[in-house]
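The chains carry the letters A, B and C, assigned in the order they are written, with residues numbered from 1 in each.
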Amino acid sequence: MTAATKSQSSAVKRDTIEPAQTPRKLSVSHLNFFYGAHQTLFDISLDIEANRITALIGPSGCGKSTFLRVLNRMNETVKGSRAEGSVLLDQENIFDLNVTLLRRRVGMVFQKANPFPKSIFNNVAYGLRINGLCSRAELPDAVENSLRRAALWDEVKDQLRKSAHALSGGQQQRLCIARALAVNPEVLLLDEPSSALDPIATSKIEELLFELKKSCTIIIVTHNMQQAARISDRTGFFLLGHLVEINDTAAMFRNPTRKETEDYITGRFG
Amino acid sequence: MNRLARREMMGAVMFGLTGLCTLVTISSLFFVLGYLVWHGIGSINLDFFTQLPKPPGEVGGGMANAIAGSAEIIFLATLIGLPVGLLAGVYLSEYGGQKFSFVVRYATDLLNGVPSIVVGIFAYALVVVSLGHFSILAGAVALSVIFIPIAVTTTEQFLRDVPDSFREAALALGAPKWKAIATTVVPAAFSALATGMLLAVARIAGETAPLLFTSFSNQFWNLSPNQPAASLPVMIFTYAISPYRDWHRQAWAAGLVLLALVLFINVSARLLLPRRVFR
Amino acid sequence: MNRSQPASLTLERPAAKVRALVSGDRLAYLITFLFAAGVLLLTALVLYELISASSLSRNKFGWSFAFTQVWNPVTGEFGALPFIYGTVVSSLVALIIAAPLGLGCAIFLSELAPPRVSGALTFVVELLAAVPSVIYGLLALFVIVPLLRDPVEPWLTAWFGFLPIFQGPAFGVGFLAAGLVLAIMIVPFVTSVSREALLAVPRDQKEAALAVGATGWETTWTVVLPYARPGIAGSIFLALARGLAETMAVTMVIGNDPKIASSLFAPGYSIAAVIANEFTEAITNLHISALIELGLVLFLITAVINGLGRLLMLAIGRTASVRV
């Protein structure tokens, strides 16, 4: 793919810069998305590398969350939504896969922590039980494993039977991460996971994401550019439903190819 | 993926089961309506609306006095209940002090929960015993006791729905509080209030138990509030449990008329008047 | 406010104008306050009348009224037990049928059906609640009772006759008939309140379940229903209260026999039914007083159950709503 020129017409076009040769976990090709007659995503194409953290940034309403939700077909919970184009997970089109199985492979953590009003143990065990992924005897170990991966085990190991709502905001969000991890997803989608959290809770989550990427492919939507710069390997910039630019994070922030990207990064608009 | 197939099949089965529950519930309404039409439509004729009832055992006659009696009882009950409920509701929504309002609301709720037969007992003790005889007035009092809590709750609910900005706009222009309420809040909630009141009227129109020993019954014409009168629901009850074939026939007709009236008010009130407060 | 008053008046007597404004408001406050107080007084009056009119019977029988089986107007012995029994049994039968039926309906309408279909169907269900009780009684008397007499009750005896509740002659009228008609009458209450409770479950709870690979039904069963449990329980209490208080339909099909029987086929009596039937024919003051005491008992029972129901409904943020 050619590198784009700096001078642009008013139309928002997208550019990508070919990633280094790591395997592509997700391949999105010419994705268009509609709510009824209203189009919200325009011709999105990008590749997500395995075992990397890819951040998606952009101003409010630019479509990054919508895009994220296409990846595990959560948009289908809204009637009248329609996706065109192809999204390949390990070369399989996600629209052809069974949606229940897809969501086991592609997990999601939401903006506001949403633990079930059940015990901490039962929250994490939920996905395991419902999918029949392990026997009853194996559950405690599986739950412990997930809580460790979410960096929450030490804080809750003595209170697994307590209600999830007794935890702090940051702990609840890590619990939701543990819940998502319990079913061993290959990809983890995070939609502004720390936007409601204080800096300490945020940094705890960022640390665990760093560890997680060794076993998981991570895509994180964030409003916080500094967060993207801190933790991600690659960053994509969305604007008005278009993917404007996607590049290695360091390159993107130091040397954005597109003017819109540069304007956003330098804070000329938000 | 046998397990997955089982899980998805479970979902389909439950869709079917819950859909069946819905079907059974919905169809019972249509069954009631249909059966009434089938059995009652033949007896809906001019006689039914214009004739007085014949003595037991005789064929023929109508329910003209019951229709008139019901109309008068309902009218009087609404006349008593609507202003009381409306104004009390205005108090709760616009003026209420914390503790007093809580007590009034609790009392309203309690009143709402009084079984209708017990309301009849109350009206009997209050009016029939004092006057010494059954009367339309006693029936109206009984029905108004049912009407009032509905009116209070409806009024408070819908007036509260009107945003404060309405009130503030009027007050800022110098209107006294009562005028602000009367000219901005009440009109804004008008269609919702009308719907609620109409539904309350439909509710008392169908009530039988409170009338059994208040307005009682009457073979003849009576429009005087001081005397007992026949009413449609009581006639249906009396005729239905009687051993006379012809009375059964008339009970179906009366049932059809009553149901048609009640459903008509319900459907038109809910469809024509939007329940949402105008914003 | 524009008033076409001579300028002199408004200029000279601003104090009077203010007084007029204030008194208008004062008057409005007083009037509405009085009516609100009136409602409070009315409720107190209802209680007072019930208590005082039943005093003859209460003083005579005391607490044993609730436990005495005999109801004999001729000898002046009155006991509430057969009526409490009949009221409770018929309502329980109704609840056993109506609770799952109504809940299934609510689940379908809130979770599974497409939105426009759901709206129309909910409307129809709410119309069911508006049908007058005497109409249900009419249908119960001429449709349900004959059907029960033959073939339903004999069939039940043939297959389940080993259970005491399905033994005995098939009259048609009785606890079963009353329970069935009550079931149809209280289903809309279970449905509409449960439906609201289910709709009140936050979206992100459902999404959290879907996101770990739960199917739609699994989400409903394991996340939505447990979350909505208080509201659903509330709906059942409210429906129960409604069933206990129901008069006309029950009077027409319960059989009017003040006996306690173990079979559902047996005729029985409910509190509301005996009041409806005997009130106008009661001759002695004691008889009337006993009937009124029954009314008081019924009121107390339904008030408690209603109260519990409302408490549970606070959980779904539903304020005291208009009883449909």
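One rule holds for everything that comes next: a contact is a pair of C-beta atoms (placed from the backbone, for glycine too) under 8 Å apart; a residue touches a chain by one contact, two chains touch by 3 or more.
None of the values given here were measured: they were computed from a predicted structure.
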Higher C-beta contact count, B-C or A-C?
-> B-C
Based on the averaged CA atom positions, which chain is farthest from subunit C?
-> A
Rounded to the nearest whole Å, what is the centre-to-centre distance of subunit A and subunit B, using the mean of the C-alpha atoms as each centre?
-> 55
What is the distance in Å between the mean C-alpha positions of subunit B and subunit C?
-> 15
CA centroids of subunit A and subunit C: separation to the nearest Å works out as 50
Subunit A residues touching 2+ other chains are 100-101
In subunit B, residues with contacts to at least two other chains = 7-8
What positions in subunit C touch 2 or more of the other chains?
-> 215, 218
Complex contacts: residues of subunit A adjacent to subunit C = 72, 74, 77, 79, 100-101, 103-104, 107-108, 110, 112, 114-118, 126-127, 130-131, 176, 179-180, 182-183
Under the touch definition given earlier, write down the residues of subunit C that touch subunit A in their complex.
-> 114-115, 202, 204-215, 218, 222-223, 226-227
Residue ranges of subunit B in contact with subunit C within the complex = 7-8, 10-11, 14-15, 17-22, 24-26, 28-29, 32, 35-36, 39, 83-85, 87-88, 90-92, 94-96, 100-101, 103-105, 107-122, 124-126, 145, 148-150, 152-154, 157, 173-179, 181, 196, 199, 202-203, 205-209, 212-213, 216, 233, 236-237, 240-241, 248, 251-252, 255, 258-259, 262-263, 266-267, 270
Which of the residues in subunit C come into contact with subunit B in the complex?
-> 1, 21-22, 24-25, 27-29, 31-33, 35-40, 42-46, 49-50, 53, 100-105, 107-109, 112-113, 121, 123-125, 127-128, 130-139, 141-143, 184, 187-188, 191, 215-218, 220-221, 241, 244-245, 247-248, 251-252, 272, 275-276, 279-280, 291-292, 295-296, 298-299, 302-303, 306, 310, 319-323
Given the complex, residues on subunit A that touch subunit B span 98, 100-101, 132
